[in-house]
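Inspection log for the structure reproduced underneath, given as structure tokens.
Just so it is clear, A, B, C and D label the chains in written order, and each chain counts residues from 1 on its own.
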Amino acid sequence: MTALQIIFLFVAAITLASAVMVVSARRMMHAALWLVLALAGVAVIFAMLDAGFFAIVQVLVYIGAISILIIFAIMLTRKAMEDVGPQLNRGWWLAALAVVGVFAGLAVVIVSWPGVMATAGVGPDADAIVNFGKDLVDPDKYVMPFEVASVMLLAALIGAIYVSVEHKGGQP
Amino acid sequence: MSFWTDPMAVIANLIGGWLAGLGMTEGWVTFVLSFLGAGVYALLVMLTVVLLIWVERKLLGRFQDRLGPNRLGPWGIFQTIADMLKIFTKEYITPNGVDKVPYNLAPILAVAGVLSVWAVIPLGATILGANLNVGVLYVVAIGAIGELGIILAGWSSRNKFATLGGFRAVALLVSYEVPLVVSLIIPVLFSGSMGMNNIVHAQKDIWYIVLAPVAALIFLITSIAENGRAPFDLTEADSEIVAGFNVEYSGLKFGMYYVADFMHTFTIAFLFSTLWLGGWQGPWAEKYPMLGLFYTAFKAWFIYFTIIWLRGSLPRFRIDQMINLNWKVLTPLALVLLMMTAIVNRLVPEGMLVVRTLALLAVNGILLVGTSWLLNKFAGRNKRVVVAPEPRPVARPEQISSES
Amino acid sequence: MLNDWLYIGLFVFISMALPAIAIFAAGLLSPKKPNPIKSTSYECGIETVGPSWVQFKAQYYIYALVFLVFDVETIFLFPWAVAYNQLTLFGIIEAVLFILILLSGLLYAWKKGALEWM
Amino acid sequence: MIPLPWLLIFAAALFCIGLFGVLARKNSVAILMGVELMLNAVNINLIAFWRYFQATGADSSRAWTFVAVVLVAAAAEAAVGLALIISAYRKRKTVIANELNLMKG
């Protein structure tokens, strides 16, 4: 085993453990903090896969923005979250059963797939980011996702603001 | 290759050769070298803070027409060391009901969120930690760790004031991050790289502060706000919300927030010098990187002095003013500036540096004038209500009327 | 490339370890004399009223929301800025369009009064 | 290099944990956190496939565009979802998913 593999196993174990804590922590704030740790673990794995750009973006967007948004939402809905009583549905064991089934199915598919033994070639060339930037505004390539992304963000912004601004007088 | 042209490589070869002689494999040698390099570098930055605190107190003293520290050692230079010894022996008071792990993690994260930035700041042509090809984004992303530290501190203290202060601070920090990030796109756009050292290399002909002075200004303002320092020191406004997110901290845990604060100012100065003032660029800097260290430090000290000067001169903003300044002035201005810079810079043919500089300067000038015109027209409308007492009846009005 | 990331990882680790060591060392040096009054919450000497995790304004959420949208925008704009020197004018107009769409979102928030401090 | 099956199994496990969170948690904010975990698992898969099959190819930005769009989707989902939860909380004073039946009128 190479050093990289050992680090991977270590980081993956931490990530999965904190993911388990996210879905099982009783206090919502703790769940959010575990989520931050899980997301940081995923960022490290991105860095190990030579996708440094996305490792940083993961930290920037997920840890810097989405988890802060989640923490704010938790604080705003605090009163309902008295951390008493079960945090899981009554039928949680059914969910657990289904999830184990899904995981087993996925594992079988992954292991039996012939392409799984592929080995990685040399890493990406240094100007992968440059190519990405060029292709994003290239009309023959991905200019559609680029513009659609901005429209989608605009829609999300308008929708979320419309919903969350308190309407004075009467129904929203 | 001598010590003066590439000091890092010489030291690395020396230690690396010694380690390899001990029978280490190549991977381990890299690991140990990186660890030593990072450790020494981080420790040096931490220790610089001791000096910084003295410099800042001394300068602030002079701005306020007093002496500043002056008892311990020449010019009071050992004052910080005495303070440090004192704070090391202070008791940690852990209030009832705090959430232990986040409570203790928060000051560590606050420092780490600033200290980690130094990994990508180039101090000389070859004196640098890592020339990451996403360096600029890394600087922004690491800031998120500091914000997390503030949230943790505010929430885990189980104190109304700390919680309110913490969330208010984070709401302001994330707001000011928007124009900060947008202004950082502009040097990336000019240099065609996100690596900090590549950005410095690209400033060989002209510093970016000449090409985009407004962006540099926005970067400076938002960075000071991120730092939470006067005139944006609202998050720890002691007259309003006890002290903010760190009320329940004591001893060195409390001190760590101040370490982070002082270090942040210094970091901003170095970032500004790297991104806008050509970093280590200067006469013979590429040949002798040690000279580059001197140039960076000189430019950074200039900015550092300016930041302290601002702190000593300007009154504190109100929170609504701060929010309005960010969302209604800085953010639209940064976005418009980015668009206009991108278009104008492309319209000018390649190679014509003077024309390009003049065109970009014109864009910046137009934007500045336009912004101040709009501000005068719309923001000046809300005249401040003057709260003054009614004129009282006095015995001999003729003596008073001469004053008014 | 991976060596750079190793360095970054170590640096982040060390910059967390240094303050941790300092805090731990100070903990060894400092006295420990807790008493019940000393370790109550600091609220200007007044007894704490009600739960200490109070609720606060929805306004904070909206700032974080606008920030999130502009933060995600950088995923696209930074690679575009890196490639800028090799782009045609058309490619730049595309990005300007992208920014304009987002700017209109900001204007909507402004008109809606979501950016006011209330 | 890390063997590809490790990565895929890891992503599958993360996905399933997220799925469990979505199915079993009562609190709707926790359900959104589960969704974020699932989207992260998807991104790990995308990056892994890019690294093992496409990194040197001519068009590696295809995978990157996918990942970026997934990030945008995650952000939009978090923004709108949390805004809805906050707004529903204001009316109903609850964030338990089963009790949120606004649509029943």
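Keep this in mind: a residue touches a chain if its C-beta (ideal position, glycine included) is under 8 Å from a C-beta of that chain, and two chains touch if they have at least 3 such contacts.
Note that the structure is a prediction, hence the values are computed from the model and not measured.
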Point to revise | Each chain counted as touching chain C and chain D at once | key: A
Study note, to complete from the structure: Reported most central chain by Cα centroids is C
Review point. When the contacting C-beta pairs are counted for A-D and for A-C, which pair yields the higher total?
Key: A-D
Review point. Just curious, how far off is chain D from chain A if you go by their C-alpha centres, in Å?
Key: 5
Point to revise | Rounded Å distance between chain B and chain C, as computed from the means of their C-alpha atoms | key: 14
**Study point:** Averaged-CA centre spacing for the pair chain D and chain B, given as whole angstrom
**Key:** 34
Check your understanding: Which residues belonging to chain C are in contact with no fewer than two other chains?
Key -> 5, 8, 53, 56, 58, 60-61, 64-69, 71-72, 74-76, 78, 81-84, 86-87, 92, 95, 102, 109
Point to revise | chain A, residues touching no fewer than two other chains | key: 4, 48, 50, 52-53, 57, 60-61, 64-66, 68-69, 72-73, 75-76, 79, 123, 126, 129-132, 134, 136, 146, 149, 153, 156-157, 160-161, 164, 166
Review point. On chain D, where are the residues touching two or more other chains?
Key: 68, 71-72, 75, 78-79, 82-83, 86
Practice item. Take each protein chain as a node, join two nodes whenever their chains touch, and name the resulting shape: line, ring, star, complete or other. Key: other
Review point. Which pairs of chains touch one another in this structure?
Key: A-B, A-C, A-D, B-C, C-D
Practice item. Show which residues of chain D lie in contact with chain C when the two form their complex. Key: 68, 71-72, 75, 78-79, 82-83, 86
**Study point:** Parts of chain C lying in touch with chain B, wherever the complex brings them together
**Key:** 3-8, 10-12, 14-16, 18-20, 22-23, 25-27, 29-34, 38-44, 48, 52-54, 56, 59-60, 63-64, 66-67, 70-71, 74, 77-78, 81-87, 89, 92-93, 95-96, 99-100, 102-103, 106, 109-110, 115-117
Point to revise | Interface residues, chain B side, partner chain A - complex | key: 27, 31, 102, 132-134, 137-138, 140-145, 147-148, 151-152, 155, 163, 167, 170, 174, 177, 192, 194
Check your understanding: Of all residues in chain B, which touch chain C in the complex?
Key -> 30-31, 34-35, 37-39, 41-43, 46, 87-97, 104, 107-109, 111-112, 115-116, 118-120, 129-132, 134, 136-138, 140, 142, 155, 157-161, 163-164, 167-168, 170-171, 174-175, 177-178, 181-182, 185-186, 188-189, 192-194, 242, 247-248, 251-253, 256, 259, 319-320, 323-324, 327-328, 331-332, 335-336, 338-339, 342-343, 346-347
Point to revise | chain A - residues contacting chain B, complex | key: 3, 29, 33, 36, 52-53, 56-57, 59-60, 63-65, 67-68, 71-72, 75, 126, 129-130
